[in-house]
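Accompanying notes for the structure given below.
Chain IDs A, B and C follow the sequence of writing; residue 1 opens each chain.
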Amino acid sequence: MSEEEKKRKEKESSAGEEKGKFIIERRYVDDSRIIEPKKLELGGIDMSGRWGTLVLPRTLEDFDTEIYRDVEKLPRGGNIGKCWQCGNCTAVCPVAHAHSEFNPRYLIHIVKMGYTSEIKKHHEAVYLCSGCGLCSAACPKGVDPQGVMIAMSIAFKAHESELTE
Amino acid sequence: MQLGKDEELELGKEDAKLLETLSSQRKAKFAFGTTEDYLKMLERMKELEKKGEIIVHHVTDDYDPVGVRTLSGRVKKIPTRETWQHKSCGQCGHIPGYISAFYWIMSELGVSYVDDTNQTSCTAWNYYGSGTSNPVALSAVFLRNMHAAYERNAYPLIHCGTSYGDYKECRYLVVMNRDIRERVRAILKKVDRELVIPEELVHYSEWLHVMRQEVAARRKFDMSGVKVAVHAACHTYKLMAEDYTYDENILGGRRPAPTSSIALALGSQLLDYSNWYDCCGFGFRHILTEREIARSFAYFRKIRPIVRETHADVLITHDTGCVTTLDKSQVVPLAQGYRETIPVISDSQFAALAMGAHPFIVCQLQWHIADWKPLLAKMGIDWQAAYEEYKSYLDKVKGGMKPAFIRSPPRHLQPRPHTKAFRVDEPVMS
Amino acid sequence: MKAPDNPVLVIGAGPAGLQAAKDVAEFGVPVLLVERRKELGGAPIRWSYHTLAPDFRPTEEVMGPLIDFCQSNKNVTVMKGCIVDGYSGRPGDFHVRIKDETTKNITEKVVSSIIVATGFEHFDARVDPRYGYGRMPNVIGINELEIMLKQGRVVGHDGKPPKRVAFIFCVGSRDRSTNPWCCTVCCGVSIKQGIEVKQLLPDSQVYMIYMDIRTIGLWEKLYWESMEKYGINFIRGRVGEVYYTGEKLLVKGEDTLVRGPFEVLFDMVVLAVGIEPGPGTKQAAGALSLSLNEYGFLAPKIPNVHFDSGKEGIFLAGACVAPMSVEEALSEGSAAAMQAVKLGSRLMQKVPV
């Protein structure tokens, strides 16, 4: 995180308040993309209020595979590279049927590709895994998604500070 | 690189022609409204004129026309004198320097023009912004304005990108659809006007394009150190794309020629960037209903990549909406601590500055947000001295001097002769 | 009826044509092999294919023996730089006009049957300008990467090896504005090349941007190995634009599994250009009055019996009928040879003693 972004973060409204409430098509914009400082000033002029909101673009700009490498090295995480996104794991997953946030196929994809902005949004979902192991039985490529979930949770914990900033 | 034996990757002229034909044939397979349709429309216009159904306002030789090549390959005639200035709604309020600089250039070049107050908005703002209005109403407004120019014996020169695009679409409808044509004719009859369709619809950036050598000949400042990025306005080159000016020697013919051409003619360095095709962020419906997204898009998807990729000194464009959005949308990011910024001005302001126009009295830079001082310094313009001049000019205006570029149309009717004294009606006696 | 020992005419000396010529000649029947270009071997030789999918077999090992056979066997007469200009007659007794493309001399020959194996052309990616091919440095086709792999040196225009390479699939394939069919081989070929790039440059990152992976049959092995053994990444989506920043290539696309656009910098972009019928196929169709299908390939009488042109004595083989791999083209050549020999022996029985 750059200096200027840090400063901006400090100015951001406290958590809990409704973010971007002036945005008309609000439901299409993730919370994490809205920057809404409480106080805003330019050239000594107070600009706080209604018109100071910015919405960050959602473009994926790079592949940052650091977490992926860590997952690969962890016990039971070594087969993550075999995944080809068929979705068999999610199809049999009992948690996925109950919880929209938990999608083992998707978690594997964003980690494998290194989409940090997406990992930031979804990393906490990994703890929803019940460890039943149905996915590992169903996986045609021998990825062992259940093991990968465990490895991922360890890797996410190790990278917690970057993921929650 | 060698491909097979005796084969090279280099594209010969013949090869390029063949590929172009092949490419357009392939595109025509799925395109709606092809170049062929557009050329057919121009033919149809000639037929209608022959039958006496419409009057065509031709770009006759007394307009000193210059031919330019359009995307369709057709040569389009751009009138250079006796033009009827069809102004833009946005420019007067948001970036007044746009039009004043343009008028100043025409006067400097000794080119005659007509500044007529008898004109209306094209109302396409309404149409593209909210989807209201209808083709008949839009076409009637279009032809009413074109008739006003015809009446003054001057050729319409359209300032606003949106009007330009909308008029091209309306012209297509009026020429190709009898029903619309007859309904528009009936409306025009009510205001005692006829169906006059211009032979060419011309945007002011095309005028600057063909006059670029004359402009460059009067250049006062050395522009060779100035790095320029250009944003082309969507409505000028994406609506009826076939009709806008391209030049194979300007950015490889892959970007529209006007505006880039003036920057090149003045000797500045023209730079390309990755998201040149994207909207400025104005996007009509979006700015009207969704200012947050429009502002953020303008900054994060246009301004910031342009600054990062080109490190240009100035971003020039040719539509009021684009200048306004790209310039004004930098305020909030600057207040939030983002540092990347670039001044945004119109091509007319840029050309006028190079020709030695006053930065404030003529080019009205005081209305622009993003810092233009480094640009002026790089061009060698003493902006501080100019600002002092501007302040004393303002004092004179306050003291009653008539400001430059503001012309009042006749508004007052002659008072009628006064014959009777005022009286109060007495109550009727029963 | 003329004597049945008239030669079999084979048009095109690519994998299908060479295999056909070899098989016919081995039956002891003379062959007249007419090739438009100055060399034998067709696309694999013309474009210097390094290895062939799926087993990384060097192209020379496959094509070399065929070329050598046709050049040295006494039953095969080779005419290079020539095309077939027209024909008349009937099976067993076709009179064909063969034109030398340089001297414009015309030779008349009598042949018993004709095998058409005029092959394909790689799609010219300049026609689809979004990828910047021909305009931007470091945007190359799989055919050009193949040459680099053969030279054992994969580098950008600056002579440096690329760090991050993107393969864009279906360029000039499965696209209404260019060619709507699938070229069937470029998934496999691209993945094969991705593996070869990784073998040559182990530190490079290779990304495959695909719509569907169609590594048909046993070629699937390439797909599995590329992911599991070589760590090649697969992004499902299609690329909208490639832009050269003056240094790197900005690839704009969508990862459809994330439902979001990406804009990532690459050092090299390899276009998996498709297969289309070449001018040779069109010319042969005209000269022999054969019908073309809606896509411009030669149309067999029944779509799933490739060798049967619908005209007695004229047989089809290889990629002039449909996009196909070298291994398929070789079998098609053999199949057409069998038809020609079969026809010859049938005609011989009819000759009155």
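Assume contacts are C-beta pairs under 8 Å (C-beta built on N, C-alpha and C of every residue); 3 or more make two chains touch, one makes a residue touch a chain.
Being a predicted model, the structure only gives us computed values, none of them experimental.
Participant: Connecting every touching chain pair, does the picture come out as line, ring, star, complete or other?
Facilitator: complete
Participant: Measuring centre to centre with C-alpha atoms, which chain is farthest from subunit B?
Facilitator: When every chain centre is compared against subunit B, the largest gap points to C.
Participant: Which chain's mean C-alpha position is nearest the mean C-alpha position of the whole protein set?
Facilitator: It is chain B that sits nearest the middle.
Participant: Express in whole angstrom the distance between the two chain centres, defined as the mean CA positions of subunit A and subunit C.
Facilitator: 45
Participant: What is the distance, in whole Å, between the centres of subunit B and subunit C, each centre taken as the mean of its C-alpha atoms?
Facilitator: From the centre of subunit B to the centre of subunit C is 50 Å.
Participant: Could you tell me which residues belong to subunit C and also touch two or more other chains?
Facilitator: Subunit C, residues with two or more chain partners: 263.
Participant: On subunit B, where are the residues touching two or more other chains?
Facilitator: As it turns out, subunit B has no residue touching two or more other chains.
Participant: Over in the complex, which subunit A residues touch subunit C? Could you list them?
Facilitator: For subunit A paired with subunit C, touching residues are 58-63, 81-82, 84-85, 106, 109-110, 112-113, 115, 118, 141.
Participant: Where on subunit B is subunit A touching in the complex?
Facilitator: Touch residues, subunit B against subunit A: 289-293, 295-297, 299-301, 331-339.
Participant: In their shared complex, at which residues does subunit C touch subunit A?
Facilitator: Residues 205, 207, 223-224, 227-228, 231, 233-236, 255, 257-258, 260-264.
Participant: Using the touch definition up top, name the residues of subunit B that touch subunit C in the complex.
Facilitator: 1-5, 9, 11, 19, 22-23, 26-27, 29-30, 252, 254, 274, 309
Participant: Which residues of subunit A touch subunit B once you look at their complex with the stated criterion?
Facilitator: 4, 7-8, 11, 20, 22-25, 29, 35, 37, 40-42, 47, 51-57
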